[in-house]
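What follows is a structure written as C-alpha cells; I'll ask about it next.
Letters A, B, C, D and E name the chains as they come in the text, with residue numbers starting at 1 for each one.
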Amino acid sequence: MSQVAQLYKYNLDVFSLEKNSEKHFAETFSPFEDMNSTYWLNFHSMENKEAIRKLCDRLCIDKLLQEDLFAEAKRTHLEEYSDYVFFSIISALPKEGSNHYDLKKERISFVIGDNYLISFQEKPSDHFPTVRDRIECKRGKVRYKGPDFLLFRMLEAIIDNYTEVVEEISTNIEKLDKIVLRNPKSEVLRKVEWEKRKLLDLRKIVFPMKELMGQLDRVENEMIIEDNIHYFRELKDTCYSLIDEIESQKQMLDGIANLYYAIQGQRMNEIMKVLTVTSAIFIPLTFIVGVYGMNFEYMPELKSDYGYFIVWGIMILITAFLVFVFWKRGWLKRNN
Amino acid sequence: MSQVAQLYKYNLDVFSLEKNSEKHFAETFSPFEDMNSTYWLNFHSMENKEAIRKLCDRLCIDKLLQEDLFAEAKRTHLEEYSDYVFFSIISALPKEGSNHYDLKKERISFVIGDNYLISFQEKPSDHFPTVRDRIECKRGKVRYKGPDFLLFRMLEAIIDNYTEVVEEISTNIEKLDKIVLRNPKSEVLRKVEWEKRKLLDLRKIVFPMKELMGQLDRVENEMIIEDNIHYFRELKDTCYSLIDEIESQKQMLDGIANLYYAIQGQRMNEIMKVLTVTSAIFIPLTFIVGVYGMNFEYMPELKSDYGYFIVWGIMILITAFLVFVFWKRGWLKRNN
Amino acid sequence: MSQVAQLYKYNLDVFSLEKNSEKHFAETFSPFEDMNSTYWLNFHSMENKEAIRKLCDRLCIDKLLQEDLFAEAKRTHLEEYSDYVFFSIISALPKEGSNHYDLKKERISFVIGDNYLISFQEKPSDHFPTVRDRIECKRGKVRYKGPDFLLFRMLEAIIDNYTEVVEEISTNIEKLDKIVLRNPKSEVLRKVEWEKRKLLDLRKIVFPMKELMGQLDRVENEMIIEDNIHYFRELKDTCYSLIDEIESQKQMLDGIANLYYAIQGQRMNEIMKVLTVTSAIFIPLTFIVGVYGMNFEYMPELKSDYGYFIVWGIMILITAFLVFVFWKRGWLKRNN
Amino acid sequence: MSQVAQLYKYNLDVFSLEKNSEKHFAETFSPFEDMNSTYWLNFHSMENKEAIRKLCDRLCIDKLLQEDLFAEAKRTHLEEYSDYVFFSIISALPKEGSNHYDLKKERISFVIGDNYLISFQEKPSDHFPTVRDRIECKRGKVRYKGPDFLLFRMLEAIIDNYTEVVEEISTNIEKLDKIVLRNPKSEVLRKVEWEKRKLLDLRKIVFPMKELMGQLDRVENEMIIEDNIHYFRELKDTCYSLIDEIESQKQMLDGIANLYYAIQGQRMNEIMKVLTVTSAIFIPLTFIVGVYGMNFEYMPELKSDYGYFIVWGIMILITAFLVFVFWKRGWLKRNN
Amino acid sequence: MSQVAQLYKYNLDVFSLEKNSEKHFAETFSPFEDMNSTYWLNFHSMENKEAIRKLCDRLCIDKLLQEDLFAEAKRTHLEEYSDYVFFSIISALPKEGSNHYDLKKERISFVIGDNYLISFQEKPSDHFPTVRDRIECKRGKVRYKGPDFLLFRMLEAIIDNYTEVVEEISTNIEKLDKIVLRNPKSEVLRKVEWEKRKLLDLRKIVFPMKELMGQLDRVENEMIIEDNIHYFRELKDTCYSLIDEIESQKQMLDGIANLYYAIQGQRMNEIMKVLTVTSAIFIPLTFIVGVYGMNFEYMPELKSDYGYFIVWGIMILITAFLVFVFWKRGWLKRNN
C-alpha cells in the first residue's frame, strides 16, 4: 500500500529516491521548487483515483485528461498543452505458458512537463528496471539530460517489450513450422490462429505507437528539446520495422496453414490409394472364387482335375496385371 | 400521438421540459426568444412531414435539406450554413435473439444552431436516456454548456451503441470459437457469415461517422466552440478504434472459418482411415476364405487334416502384418 | 426515323416540344436566339453521324470531342471549354431474365452550354421519362432553373438506374442465400460468379461517375451556378454509398461461396460416414461367414450342434460393439 | 542491312522518305537545317551501337541516356532536358498460338526535339504501319502538326496493341468459361494461370505507361505544345481503363478457378455417392447370402422348404428400404 | 587480421591503395589533407569496435550514429549532418544450395563526406570487385568524379545483388512450375513457401532501399552534386521495378500453389473413380454368386442344367450395362 508510488529526483550531481503512498505524493509533489533537477514520479496502480485527481489538480492538468486517465483503454493519443504534454500508450508482454492467444496488456499514461515526468501504470508490474538502474548507477546519459530523455528511455523499454512479443511469436512460428511437417493435426491450425491473433493485437498497439512517435517529433513546445528529437525518430523507425515484421510473420503463418492443408490433402490421397489398390485387386478376385463356390449341379469346370490350379493361374495373372497398372500410375510409391 | 416530441429548455439555473405533438412545436418553437438558454427539440417520429416542414420553414432551413430529411438513408453527410449546421447519421443496435444477421438501424438527423439543437429520430425508440438524465439531474457539465456539448453527449450515446454491437459480436465470436472446436457443423460457418455481415454493416455506418467527426472538427462557424472541439476529437478516436476492432474481428471470423475447414478435413481423414483400415484387412481375408469355399472336386488342401488351421495361421499372420504397417503409418491413432 | 430527336424549349412561362429528325435539328438548332429559355436537345441514336457533326460544327464544338462522341466506350471523362462542358458517362440497367451475367449498358454524352443541354444516347431507349414529366407538368424546380439543374435531374435518373441494378443484385443475393442452404449445386456458384461480374461491371461505371461529379463540382466556368453545386455533391454522395454497397455485396457473395463449399464438404463427410459405417460393420461379418463357408474336411466347429448359433452370437456382439464405437464418435447422427 | 532505318521529312507541302543504313543517318541526320519540317528517324534494330552512339553525340544527347538506350529493359522513365525529351516504353503484342503464357515484348525508346523525333526499336517488327500511312497519304492532322503529334500517334498505336492483348485474353477467358462448365480438367486451371501471368505482365507495362503520359502532360519545355496536351491526356485515360480492365479480368479468372474447384468437388461428391449407394446396398446383402453359404451341420433354416424364398424376400425388403432412404436424402438424383 | 581494411586514394592522375589493420587507419586516416583526391576507406569487419570508434571521433561523427553502427540490423535510414551523411543498408545474396529459405544478408553502413567515403561491412565478404576494378584500371567515370559517384557505383553493385536474388528465385519458380505439372508432392508446396519467404525478406530490404534513394535525391548539403542526382534516380527506378518484380513473382508462386491443389484434387478424383468403378461392378456380381453359394436344400435354379450359364449371362449383362453407364459419365477416361 505504502510503496505504490516512487519519486526520483536527480541531476548530474544529485540523486534521491522516495517510495511512498499515492496520497503522500499527491499532497507534496512540487517539481517547480528545483528547476535544475529532473523529477520522475511513477505510480504503480490507478486505484486511488482521489489522490491522482488531487495531484492533477495541483499540476493544473485539464479535467478532460483526468477523465481520460481512468477511461477504458482506447486509441493511443497525445494532447499538447502549453506547459505539459499528455499521452497514453499500451504496453504488451507475452503471457507465459503456450496456451495463450492473447497478450499481457497494460495502459501506461505519461504527463511530461518542463522538468518532470509522471507515469501512471495500471498494474504493479515493473516495465522499467533498466531505466531505474541507469538513473541510480549514473549509467549512460540519463543523469545529465532532462525528462524528455527519460521519456525516450521509458518508451524504448516498452518498445523492447513489443520486440520481445514478436520474438516469442517468431519462436512459436518456427516450432509450428516443424510440427506441421512432422505431424499435421488440426491442433496446428488452432495454434496458427492463436499466433495470428497475437499479431493482430500487437499491430493494434504498435501502429498508434508509431504515429505517436511522429507526433512527439512534431511537438511544438519546449518539452522535447530539438537535440533529442533524434531519439524519438529512432523509436519510430523501430516501430516501422516491427510493423513490417508483424506483417511478414502473418504471411508466414498463412504459409504454414497452406502447408497444413496440402499435407492433409496428401495424407487423404495416400489413404485413398491404399483403399483403392486393396479393393481393386481383391474385390474381383473374391468374385472369381465366389463363382466357383456356387452350388449348381452342372458346372463343368468343377469336375476338371486342373480347374483349381487354372483358377489360381488366372487370379495371379489378374493380380500381376493390376499391380503393374497401379505401379505405372505411381500409386504404389508412398508420398506420390 | 401527443407525446411524439419533447422540448428541453435549460441553462445553469432554469430547466423546463415540455412534451407535446409535433404540430404544436412546429407552430411555437422559437429558440431566439431567450438566447441565454439552450433548447433541445427531439422528434420521435418522422411521419408528420407537414409539421416538420413547417418547423424547418420557420427556422429558415434550406428546402433541399428538408428533402434530405425524408430521403432514404444514404451516406452520412454534413452541410454547413451560416447560422446552422445540418447532418444525418445512422444509429445501430444489435437485434435481440441469436438468429439475426442484421442490425437495428435508424437514421437520426440533427440541426444545430447557436442556442438550439433539433434531433429527428425515425422511430419512437429512445437512444438518449443518459443524456436526458444528465440534463434533468444537473449531472456533469451539460447544464452550463451550450448545444454543441449536448450534441457531443448525444453522439457519444450513439457511438456507445456501436460499441455495444461490437461487443455483442465479440461475445458471439467467442461462442463460435468454442463451438467450432467441439462440434463443427456447417451451421457454424453460416453464423460466421452472419457476424461478418453485421460487421460489414456496422463498418458502413462507423466509417462515415468518423469522417463526420473530422468535419465537425473543422466547422468554421460558431456553432461549435473552440473549447469543445476536444470532445469531438475524442469521439473520432473512438470511431477509429472501433474500425480497428471491426477489422480485427473480421480477421478472427476468417480464422474460425479456417479452423472449421481444417477440422472438417481432419474428420474426413479419420473416417477414411477407419474405412481403409477395415477394408484393407478384411477384404484380402475374405478372398482367402472364399478360395476354400470353392467346390472344385480336386483341391488338395481341403483334404489335409491341418488345412483349416494352417489357413487360420496364414490369416492371422497377414492381419498382424497389416496392423503393424498401419500402426507404423500412424493410422491407428485417432486424431492423427 | 423522323422522331429520333426531341427539342424541349422552356422557361417558367413558356414550353414547347418538337420531335423531328436529327438532320432537321442539325440545321435549325440555335439556342442563342432566346437566352431566357433553356433548350434541351435529346438524340436517341448516334447513327446519323453526319447530322451530329454538322450540329457540333454549328455550336463550334472541338473536332476532337466530335471524334470522342463516336468512339468506343472508354473511361468517363470531362472536358471543360470556355463556353461549354463536354462529358460522357455509361448508363446501366439490369437485363431482364435470370440468365444474364452482364448489364444493359449505354454510353450517353452531354454538351452543356449557357442555356442549352444536348444529350446523345446510343440507343432509342428512354432513360428520362420522369425528367420529361417534370418539365411538361411543371413539377418541381426544373422549369425555373437552367440547364445545370436539368443536367442534375438527368444524372439523378441515371444514378437511380445504377441503384436499380444494385437492388436487383441484392434480390438475387437473397435468393442465392436461400438456395445455398437448401440445395447447394455448383449451379449456385456459377450464379454467384455472374452476380460478381455484374458488380465488377457496375463498379467500373460508378467509380468514374463519382469522380465526374467531383469534377462538375470544381468546374470553373459559369455553366454550373454556385447555388446548384449542392445538387451534384448529393449525387457524389450517392455514388459513394453505391460503391460501398457494391463492395459489401461482393463480400456477401464471397460469403455465399464459402457456405457453398462448407455445405458441399459436409455432404461429402456424410456420404463417407454412411459408406464407412456400412463397410466397417459388414465387411468383417462377411469374412466370418466366409470362414464357415470353407469346405475343409476337418473343421471342428461345423460339427458342433450350437456352432451356428454361437457364430450368430459372436456376430451380434461385434456389430453391437462397432455400433457403440460409431455412436460414441457421433457418426450415426446426421449432420454432424 | 541497308534498310534498317528510315527518315521521314515532312510538312504540309513537303514529304520525303529515305531508307538507309544506320551508319548513313548517324553521319548525315541534321534536323536543324530545316526548322519548318518535321523529321522522323526510325531505327529497326539496336545492333549497330556505334552508329547510334555517333548519332546521339551529333545531337548532343547525354552519355547516361546513351547507356540507358542499350540497357536491359527496366522501369519506363522520362528524362527532360532543355532541348529534348527522352523516354523508353515497352510495347506488347500477344504471341500467336494458344500455348504461350508470355507476351511479345519490345523496348522502344524515343528522343523528341523541337522539330524531330527519333524512335529506336529493338527488333525489325513494325508497330507503326498506320502512322506511316497517315503521313504518306496526308490523312488526318499529322502532316500539319509537329513531332509531338507524331509522338501521340505512335504512342496511340502502341497502346492499341496493349488493347489487342487485353482483347485476346478476353477471348481466352470466354473460351475457358465455357470449357470449365463442360469439361473441367486441371488443364483449365493451368490455362487460367497462364492468362493471369499475361495480365500480370501487361499490368507491369501499362502502369508505368500511364505515369509517363502524366509526365508528358507536365513537361515544361516546348517539345509538347499546350494545344496537344489534350491528346496525351486521352491516352492516359485509355491506360486507366486498360488497368481497370486488367483488374476485372483477373477477378474473372479467379471466378473461373473457383468454378473449377466447385465442379471438381461436385464430381467427387457424385462419384462418392455412386460408391456409397452401391456398397451400402450390396455389402449387407452379400453378408446375408454368406450366412446361408456356411457349412454348419445344424442350420435349421436350410432345411425349410421356403427358406430360400424367405431370404430373397428379406433381401428385397432391405434393398427397398435402403433405396427409399437414399432417395429421400437425394443421393439417387444426379447433380445434387 | 592485418588486411581487414583498405584505403583507396585517387583522382584523375593519382591512385594509391593501402591495405592495413583497422587500428592503423583509425589513427592515420585524414581525408582533409588533400581535398583534390577522393578517399575510400573500406572496413571488412566490425569487430574492432574500439578502432572504429576512434576513427569516428577523429572525423567528429555523432555519438548516436556510432551506437547505430554497432546496433542490430534495423530499418534502413539516413541521417544528414552539415558535413557528412550517414546511412545503413542491408545487402542480400542468395545462399548456395537449394535447401535454403533465407538469404545471405549483411548490413553495410556508409559515411560520406566532401571528399571521402567510408564503408563498414559486417563480414569479410566482398561486394565491390567491379568497383575496385573500375578505380584501379581507370575504367568509366569513377576516377574523375567524387565520392558521390563512388557511392553510386557501390549502391549499384548492391542492387545488382538484389537482382541476382530475384533471378535465382525466378529460376526456382520455373523449376517448380515444371515439377508441379509432373509430380505434385506436398514437397512442392514447401518449396513454394520457401521462395515466398525469400521474396518477403527481400522486399523488406528493397523497399527501404528505394526510400533511401529518394532521400539521397533530396539531400540538401553538397555531398551529392546536382549533376549526379540522376544516377541515384536511376537506382530508385531499378528498386521500383524490383519491387514490381517481387510482387509478380509472389503472384506466380500463388499460381503454382493453386495448380498444386487442383492437380492433387484431380488425382483424388481419379483414384476415387477407379475405386468406385471396380466396386460398383464387382460388389453386385459377388452378391449374385453368393446367392448361388447358399446351401438351402430347396433352390430350384441349382437343379437346372443351364442355371450356371444363365447366371453368367446375367452377370455379363449387368457388367455391360454398368460399363456403359460409366463410359457415358466419362469415368473410364483418364484425366477427366
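Going forward, a contact is a pair of C-beta atoms (placed from the backbone, for glycine too) under 8 Å apart; a residue touches a chain by one contact, two chains touch by 3 or more.
To keep track of the chains, here are their UniProt names: A, B, C, D, E = Magnesium transport protein CorA.
Treat the numbers as computed from the prediction; the structure is a model and nothing was measured.
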Shortest path length from chain B to chain C (each step joins two touching chains): 1
Between chain C and its twin chain E, rotation from the CA superposition, multiple of 5 degrees: 145
Distance from the mean Cα position of chain E to that of chain A, given in whole angstrom: 26
Euclidean distance of C-alpha centroids - chain A vs chain C, Å: 42
Where chain E touches two or more other chains, by residue: 261, 265, 268, 272, 275, 279, 283, 286, 290, 293-295, 299
Contact graph of the chains (line, ring, star, complete, other): ring
Residue ranges of chain D touching chain C (in the complex, touch as defined): 181, 230-231, 234, 237-238, 240-241, 244, 248, 251-252, 255-256, 258-259, 261-263, 265-266, 268-269, 272-273, 275-276, 279-280, 283-284, 286-287, 290-291, 293-299, 331, 335-336
Residue numbers on chain B that touch chain C, as the complex places them: 64, 68, 74-75, 77, 79, 183, 185-186, 189-190, 193, 196-197, 200-201, 204, 257, 260-261, 264-265, 267-268, 271-272, 274-275, 278-279, 282-283, 285-286, 289-290, 292-295, 299, 301-308, 311
